[in-house]
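Scroll down for the structure; my scribbles are underneath it.
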Amino acid sequence: MHQLLTIEDLKVYYPVYGSIASRILGKPTAYVKAVDGVSLAIGRGEWVSVVGESGSGKTTLAKAIVGLLKPTAGTILFDGIDVARLSRRDWRRRGLRRRIQLVQQDPLESLDPMMPVGEQIREALEANGVARGGEARRKALEALEDVGLTPPEEMYKRRPRQLSGGQRQRVAIARALALEPDLIVADEPVSMIDVSLRASILDLLDKARRRGTSVLMITHDIATAWIYSDRIAVMYLGKIVEEGSSNSVARDPRHPYTAALVTSVPSLASRKPPKWPVEGEVPSGLRIPGGCRFHPRCPLATSECKEREPAETVENGGRRYRCIHPLPPGGVWKPPRRG
Amino acid sequence: MAQKFNARLAIAAAVVLIIILAAGFYLFAGQGGEQAAQAPTVVIGVTDSVTELDPATSYDFFTWEVLSNVMAGLVTYDPDTGEIVGDLATGWEAREGGKVWVFTLRPDAKFADGTPCTAQDVVRSIKRVMTIGGDPSWLVTEFVEDVRAIDDYTVEFRLKQPVGYFLAVVATIPYHPVHPNYPDNEPAPDATWGGCGPYKISEFKRGEYIVLEPNPYYYGEKPKNGKVIIKFYESSQALRAALEAGDIDVAWRTLNPADIRDLQDRGYNVKEAPGLFIRYIVVKVDAPPTDRKEVRQALAAAIDRQELADRVFQGTMEPLYSMVPSGLWAHYPAFKDKYGEGANIDLAVQLLRSVGYDENNKLKVELWYTPTHYGDTEAQLAAVIKEQWEATGLIEVTLKSSEWGQYVEQLSQGQFMLSLLGWYPDYLDPDNFLTPFLLSTANTWTGTGYVNPQVDELLQQAMTETDQETRAQLYKQVQEILAEDVPYIPLLQGKLYVVLGPNVVNVEISPLQFLIYSSIEVTG
Amino acid sequence: MAKQAILARPGGLMVTAGLSIILFYVALAVLAPILAPYGPTEVSVPKELAGRPQPPSPEHPFGTNELGYDVLSRIVWGSRVVVQVVALSAVLSMAVGVPLGLVSGYYGGPVDRVLSLVMDSVYAFPGILLAIAVASVLGPSVGNAAISLMVVYVPTYFRMVRARVLELKARPLMESLWTAGLPDHWIILKHILPNVAPTILVVFGLASADAILTEAGLSFFGLVVVYPEADWGLDLYYGKNWLLSGAWWLTLFPGLAITSFAAGFALLGEGLARMMGEERWS
Amino acid sequence: MVLKIDGLIIEYRTLRGPLKAVDGVSLAIGRGEWVSVVGESGSGKTTLALSIPRLLPANATIVGGTIEIEGVDVTRLGEDELRRRVRGRLVGVVFQEPGATLDPLRRVGDQIAEALMVHGLASTKEEALRLAGDALEKVGVPRERVSSYPFQLSGGQRQRVAIAAAIALEPKLLVADEPTTALDVVVQSRIMDLLDKLRDDMDLSILLVTHDIALAAERSDRIAVMYAGKLAEEGPAGEIVIGPLHPYTRGLLDATPDLWGERRKPKPIPGSPPDLRNPPSGCRFHPRCPLATSECKEREPPEVRESSGRRAYCFHPLTR
Amino acid sequence: MGSLARYIALRAALIVPSVLILYTIVFVVLRVIPGDPVLAVLGTKSVPPEELERIRERLGLDKPLYQQYIEYLMGVLRLDFGESMVYTGRPVWNDIADRFPATLELAVFGFLASVVLGLASGVAAVKGRGPIRALANFYAVTGYTLFIPWIGLILIYVFAVNPILPFRLPVGGRISPEVGLREVTGLYIVDSIITGNIPALIDVLAHLVLPSVTLGIVLGSAYARLVRSHLREVLASEIVAGYRARGIPEILLLRHALRNTMVPIVTYMGLQFAILLGGAVLTETTFSWPGLGTLLLERIELRDYTAIQGVVIFFAFMIGLVSLVVDVIYALLDPRIRY
């Protein structure tokens, strides 16, 4: 399969100024390894979700992909271009800004409160050379209509505060879609939206995907990811611990962390696996445990897990995971007893 | 946390308590203060400050006043007659036509610690002034070639040229002997050893106060008070408020004219003395339009000095019609003779028209003043002069001001067409009111540009002349030329005011305008 | 937002009151020739009374000063100087401080660090002293006073604008603008500036209130206009000389004018701040 | 009954006019019972929860109805009595982002001990700190943590400490206002386990406010679904998720993805929640309701009661 | 604590550039002023011109500007602030040393007064009722617009000239010399306490009342405003909600809220110190207070370059020092701060 986006061993470290003195001197006391060697590929028209808890590095990954962060190491090949090395100017010059679009979590924060929403779509069109003047305005109106904001003329003039939360996120998506991007990176696109409206937002992305746009969704909600995506990658402390088709990862995980995640999700179903116990909390990115980084919380951990960083196991069908003691098929139904 | 909070509360409570205590103290201070006073202390308030307590470097009026009270010079002025009389010197003699002066000293003069004051001290002090080369040193170096002690009680001065008024110069502070502790070749701005005058300095807190106590070894009359405290205030309002609040017994330099009058109206005893402080306008004579004599004369004629004195100074200054103040022996009111007493508008108009000014072509002049150096009345003075000049209908006045540090530089560079200035004499002689202004080699600092060879000759002649009659005659001629040429327009002459608190019964001012601290008498 | 509700909004009353005061003084300044009963240096009492201040009377509601000038008229005329100096200095300070703050905050880097250090140093120094030092270089005039105030308030605008830009930069909005492919100059002009504008307005109110006081201080030390030109601070300076003689009107009225005008701006600034829900302004 | 709310009406004064955030809600919780109030933003669920310890903001007024806790009508109590008898004592509260309720400048033990001393449950500081330690242990935090500052604790510990502070006075009712919204599922599940354990250990009644009907269904005995300030439906948790009576409950269930259910796209509820300053006439859900008739527009829906104690407010209740 | 020491050293080092910046500004400003310290003192005395030249030479005013700039700076590095240009042979340092205690005393008491007033009215503006609350609010917003010389004069009139209290407060100066205080530190409060001179202590405090109250009234409003807004914020925060939910009495709650309020306010105090010094200048002139502000004004008029430079450098240094101290206090108040 021809991949649109190929991430190879990506690392993004943040400097940490542990003391005021270190900040003044500009000398970091440590680095947070927010993304620590991630490889991931997305095909054209594919929907991939990256699932993880807060602190897993999933948002950093998204920011690196859209060029908001300079990676520490690794490559991000987008349609053959290594965008990880590009300057901000090159991003614009090579037209990548149009081709990769970002949809953020909080539309109220990501839209300019002072500008009519239609204008915000229009300026994006003009800045990326998609259309100018009256043509741009017409396209912006169309984009609003496409996401169900009607009447578009009326909506065009509204400022973000004059819209409801769901409408705002539609605007954000309309702006992204208006540019006809090849890839949409959606960072928790519905976590701030009322439950009853979430599906309508995700459907917009799904529609775009069906037209050939690839979607990379960052989310903590594995149930949603499971429903919408083709593939799911589970991140833990800066690494992808498991990746594969969404059904296999969500319903039949190999990695104990994924098992803990999926069994913790509240469900209405009559038949669901018992909860997998995990200890403690996600440790800080400053102190990543040695060996398998999940071992201190893992119910299956052995001394080996402490010492050796697990290598990637790739199954047939492209499913991969990093675990020394992977669950057998259906293993999620049999959680270990802990003493 | 709780403890810290309580500690803070406790501090706050303590502060409040102390303030209440202070209030109580002030409430009862009236009763308490009276019984405590046995040797009456006098508290004098001034808006001046003491700059450097070293006669070799200090060069301002008020510091000289304090020094004159803690030091004694060879000669001094008799407060009653205004004549120069001996102080440390019991006698003197001018030799070689006034080129050599010999003084004989009294044997009983002593510094405040009992050290005798001898001819060697006098010589050393004066040489010290010459070596250090401070601001006032020119008062010595201009005149004195050499000074030496012939014996313990005889001092001989050899001058560069004969000086008729050398005694007046010797009466100035740089000639006062200082205590041997003063280092020979460096200034001692905070030194309190003093000289052999009636007082010694017991405490000096720069910018706040200075405390004087009688010099127990003083040869003259004992002071009429036990102690003198001089407090320095930032403004005349503060000074006045302090007097009214009873913080001070004597309000000395400088109250606002309005306050003097008002305090008088409120029953305060106000002592008035003629003053030698003069106010005048410097006229630039070497640039248009004031390079025309008629213009200058017109400006001089249009001034109504009495109005200035009344409206601006509430009568605390008097009209002045010459640069030599009235009361000094060579005074001749040349401007009154020439232009009359009040505003001579007709003459002014006539003069202006004679050089081509009319209602459509008004004379445009700039009058400069400096807003604070001469007190807070300066702006009003300028405003009223502007009114007076503009009353001619032919003059348009623009007022400009700059603060002192800048003003004097602009002045000396001749940047001002017309500028308000004042003058305190360095020594008491008509020469000091004429030479610095009119002698073409000495008047560059005023920026007037005035040069008149005839005046130069007259002044030179008067300087070396020792006969007072002849000198008076020469100075009269100079003053007549002054009124004709108008490089300066004399305006006003100050009067001195001391406002006395209810306890003060006597106070005297010396001819040099210094308050004589030892004369202050308080009751209770 | 409904217009009639402005009074009901937080700070609305303050903004309204502040604006009224400001407009009142601006009107006074503009209409001084019509409104002032006398000229600023017109001897408006008989000459024999012109040597002493005269208390308030029907002809002179605020009394006269020692030269016979009408105090009310001088306050009216004086408003011209204050309004001019404050307006001019605000325009100058904004013209310098706002663009510098925008660019410095947006781009960051060594230039930003040096600029911030300079601005912070000046900002930390007592403004009145700085203004006095500069004003005494330049000499008394309205323009020079405005320049002196500019030196004091450029850092205020700079710091506030820069801080706000940094705040904005940390928001998701900026990421959204960058990823939308907008060029920097466009982001600064079309997005950052409008979002910083309310801040600028608040700073304008608060800094102008302070500027009036600094102007009064300069004027008090004779560094704005040359007497007998009318200016509140200068009139207060000379008027205070008569306070102890009982002529309270020479002190009270100019002081009230200074304080009330400054209070107008303070109310405006603080009211706006409260309206925008951002109360933390130093 | 530990809690009995009857006909509660709460109004907010806002700049753009008054709004009824809670409009005639009745609800009861028995001893040791866990009731969840489910609703979207603006449904009034938080207002309802915070009205119980009377912790509403100043612009909110209880216009009508009663709230009885252990027989005491808290709507009648003065501020001082509320403080002494109700808050902390009868009702403990866990807020959204529980960790944020800890004073960052004080040691956690001091904060808990203070409440114990204020309410007279401990007479000395030592005793109070000991009891505070007990409370920490109950929530699974080592008792040495009494002398820690909040910033020295991990995020999860802070949440637990906040819960410890809420139960330290051994209240009868714990009101938890979306305590896990900001948390990841793994942590959420453990906090819920903790609440469950506390309920058992202390015979605590729990009122949980959440927007996640699946979470409510998994944990609680009964669920109350709120929509636009009104109760839509209330009853035993199991019955409600299996066969909701109210179309809104149905919509909510259909909009929620279920990892262990059928893999189908969730169905959004059309439209958006109403503006409570200007609520729809009749049944408030009618503009979004697929079953709405003209009747729904005009009249308030009637109460439909079932023998199991279930009730719903709808003209066209669904049948199983 | 080692890191604290390191931090303090760093912060102290940071004072240097800002002192240098201010010195440079002042040096440039001073040298472009027309004006001459020599003429300022002797300008209207009949001093011969060659004498004036000689004095200029002695003061080093004949040297090129850059040389003057560097020489003075070098002097400052050796803690030598030069000699006054108008008072022969008097080191500027002596002037500063003479005047600084006065300014410090005024600043400290003005500061105390402003904090007391600011706290009280800030709290009243939030928790007060009816007219008290309105008044406190009004003061908080407009208090600082009171022109210091004006309010000072009014206080003088009311408490000293026509006292409404049964006693008069002193109107100027720091002490009545009659009380005979032996000077040790120059801080009269301290001196009177360590010499056990109670009448002097009372006298000094009485002298401090009006100036510090004047300063306190004007500066207090800034604190009132800050206390008001931060207190409102804190009272609306989860922290207070938590306390309230635990049934903590209002008064205790207010205390905890105030402590949380003080944290941001303390940081502000560092900046406020500059305003305090500025206000002290006007207060000093109004109350004949022999401090650094009046010294500076005096010397500006006389163009005493070295003295002006010295005072400005000293001011800048003090401001830096105070902000350093404030930061350390901040750390003590807030256990979260780490260096």
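We just call them A, B, C, D and E in the order they show up, numbering each chain from 1.
One rule holds in what follows: contacts are C-beta pairs under 8 Å (C-beta built on N, C-alpha and C of every residue); 3 or more make two chains touch, one makes a residue touch a chain.
It should be emphasised that the depicted structure is a prediction, and the values quoted were computed from it without experimental measurement.
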item: Most remote chain, CA-based centroid, reference being subunit A; value: B
item: Chain at maximum distance from subunit D, centres defined as averaged CA atoms; value: B
item: Highest C-beta pair count, chain pair; value: B-E
item: Distance between the centres, which are taken as Cα means, of subunit D and subunit A, whole angstrom; value: 31
item: Distance between the centres, which are taken as Cα means, of subunit C and subunit A, whole angstrom; value: 50
item: Rounded Å distance between subunit A and subunit B, as computed from the means of their C-alpha atoms; value: 86
item: Subunit B and subunit D: spacing of chain centres that average the CA atoms, whole Å; value: 87
item: Of all residues in subunit A, the ones touching two or more other chains; value: none
item: Where subunit D touches two or more other chains at once, by residue number; value: 105-106
item: Sites on subunit E at which at least two other chains make contact; value: 33, 153, 161, 259, 300-301
item: Subunit C - residues contacting subunit E, complex; value: 14, 117-118, 120-129, 132-134, 136-137, 209-210, 212-213, 216-217, 220-221, 233, 236-237, 240, 243-244, 248, 251, 255, 258-259, 262-263, 265-267, 270, 279-280, 282
item: Residues of subunit A touching subunit C in the complex; value: 63, 66-68, 88, 91-92, 97-98, 100-102, 104-106, 109-115, 120, 123-124, 127-128, 172, 175
item: Parts of subunit C lying in touch with subunit B, wherever the complex brings them together; value: 41, 43, 50-52, 66-67, 136, 139-140, 222-223, 226-229, 234, 237-238, 240-246
item: Interfacial residue positions of subunit D with respect to subunit E in the complex; value: 53, 55, 57, 79, 82-84, 86-89, 91-93, 95, 97, 100-106, 111, 114-115, 118-119, 149, 151, 162, 165-166, 168-169
item: List of subunit E residues in touch with subunit C within their complex; value: 17-19, 21-22, 25-26, 29-30, 32-33, 141-142, 144-147, 149-151, 153-154, 157, 161, 222, 225-226, 228-230, 232-233, 264, 268, 271, 274-275, 277-279, 281-282, 293, 296-297, 300-301, 308, 312, 315-316, 319-320, 323
